[in-house]
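One structure coming up, written as structure tokens, with questions to follow.
Chain lettering (A, B and C) follows the sequence in which the chains are written, and residue indices restart at 1 in each chain.
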């Protein structure tokens, strides 16, 4: 395939899931009307949710999930060695995600017991984002990822151009949809700090933004906290928002 | 009772008023987004980072109508990638054909560098102000460029070459960081051969092969003697460079109103609509890109 | 100018027919805030009963009917190394907007100067502007309104008709031929001395109700003098850089172009998306250099354009004093406060 006379790259892509719900992969598999076009951009050689065959020859590795076990660390390192481009696919891979909440607790044995009861479980004490283990070339944010953003990123790879992330916060897109600000409705919202690109899906449906896409470029976190307090939200409510996905640095 | 509004066909009304069918984006509504489809007819590699693209408007009628003045810019469209503002580097006497010196830098230019001869791009323009060459008649002219600034200056160089008798002494001064960043080296001999044009080049960081001058572009002023009471200057380059050069020229006695610089800003339209090239209280695309230095001094954050 | 009065019940009938014959937008209650206070905005109405005349302010400016937040301005069919451009100058059916306040009508007049009356007129804007019938309505100043300071509290032109509520009748200012012809079909009355007095009384009362204000005396010069002032940094520390101010501003017109290629690489679309000068990448150029790298610089430029640059070009401010930006700003950055802080 070519575009304006320039030959396109058709990379071989493999999807790998680590500790996660596989919801991000599902976003791609679910995108029925565009799935065929999508897989014409890349040659998918490994994708548990749509393919039975597996092939270990790939250029791009999409890594979904966070890293929680020792064998995952080894597996990830092996993938990194093979892949020309390694993509952190989704919030868990990019930041650690919900799984990383575990790191907040001091007593890891208590956590295991609380979550798994008496079931034997093998898990590291700390959950890691992909970039804490290997080098990451691209990030695709979101819980789950936004299908059209994934398509745009993969298309950029095919065209050999850099993908341009939106740098502004969700607020900007939310106002475009002429929503009423959730603060006006008495709700707390991470929209002013979170990176846009999701189409302000949550606030458009009356739900607070929970910051799954991580911080926008140079967010004004300090003053936003002051605003949250001024709006009557408690330290705890604020912390819940900031810490949910471990995407915001303290 | 019927109270329904009638549709006003603004576009054809506009056509009725502006007869003649001339394409004039400045006044005709229907031509706002019109892009001249053009072909890349030649690509010359100047440095590892810069290529010179020769571009010709495909439609003959459009080609004959297209003309520009030195210093003006156009918007180059690569469908699917975007539109970027570029100074025209070629001779204003050539109609419908432009040369654009393009550095591999952003998304559009990186793709352009992969494009081949024969591929189509789009151009809109020309836009903006130009170097007022006619005002320089019977005066000495200093043409000063730093780095990629030579791309914007080159059309003025063609102009003085082709209208040599209009002007008194002409000095071209060009400086870069490294010798391998020098653009259009293959033309230096031709420029020098034109009666009375003096060319000076200088680099900051010479390599082993370089045998010319070493230093800053302002050092060149030690070598020349000019009658400052009758001299105009065009200075193209990064803001730091033209600030130093213009201040130096001012110290030598040239009024700031006689110096012209070209500003670079982000642009999305070239027609004073998108606001992105907003500088101080004005727009680079409409009041610029060519400004006299006095105006630049009075614009906030221009330099 | 031609003045008339019309009984409210006759006017309501007039609206009913307009609604029936046209695509008609009018104020409606769209939500309630946390204090149970209703929020209003323009919505398409199919029935006269849907109109809420008790609206105080339209939440979002009517700018979107003329300058949408995002629109496809042209597209390209890609064929090998060549292409064909299709330009989409929109030709939507005409529409009617009811209930625009003077600030909003004046905001359109200001946009006209840039997008319709100057060099390079925009067909996208002009087509919509010429095909929108506007019925303006007078308003009561809210605590955040400072339109009087910038002279946009009255309407000189820019709409088809303007209504002032004088009890059981409306006092109508007729601005366009279309409006005049429409009104010929219903019962209107010539104005009497009594109407005249009532009009003046109401206007006087309105003028007294303003609480917020800005002082624009020598503002262009003061903005130049205070260009390096630390006051900007203080505001910059608060600014969230979210662009909400520009989203709710009735006069912001800056935009960015984004081009998209379909997954089959056969089509490219050129989207025009309204941008905001307070966003981080507003003045970033290829290669990553940013002409306005800091929040306070971007915020300063917002004020600089509205109150300095536009004044220089058109001898009037680009701000209409509607106060929406201050209301929308979570950080509480309001125009009157910013202007007074730099004047101090």
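Everything below uses one rule, namely that a residue touches a chain if its C-beta (ideal position, glycine included) is under 8 Å from a C-beta of that chain, and two chains touch if they have at least 3 such contacts.
Please read all numbers here as calculations on a predicted model, not as lab measurements.
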Identity of the most central chain, Cα criterion: C
Leader among chain pairs (count of C-beta contacts): B-C
Chain centre separation in whole Å, for chain B relative to chain A (CA means): 44
Rounded Å distance, chain B centre to chain C centre (Cα mean): 36
Sequence positions of chain B contacting 2 or more other chains: 79-81, 107, 115-116, 118-120
Junction residues of chain A - those touching two or more other chains: 3-5, 159
In chain C, residues with contacts to at least two other chains: 78, 81, 83, 260-261
Of chain B, residues touching chain A in the complex: 78-81, 107, 110-111, 114-116, 118-120
Footprint of chain C on chain A - complex, ascending: 1-5, 8, 34, 37-38, 40-41, 151-152, 155, 159, 167-169, 171-172, 175-176, 178, 180-181, 183-186, 191-193, 216-220, 223-224, 227
In the complex with chain C, residue positions of chain B that touch it: 1-11, 25-27, 29-30, 32-35, 37, 79-84, 105-109, 115-116, 118-120, 122, 264-266, 268-269, 271-276, 278, 280-282, 286, 300-301
Of chain C, residues touching chain A in the complex: 30-31, 33-34, 39, 41, 59-60, 64, 69-70, 78, 80-81, 83, 237-244, 247-248, 260-265, 274, 276, 279-281, 295, 328, 330-331
Chain B-touching residues of chain A, taken from the complex the two chains share: 3-6, 159-162, 164
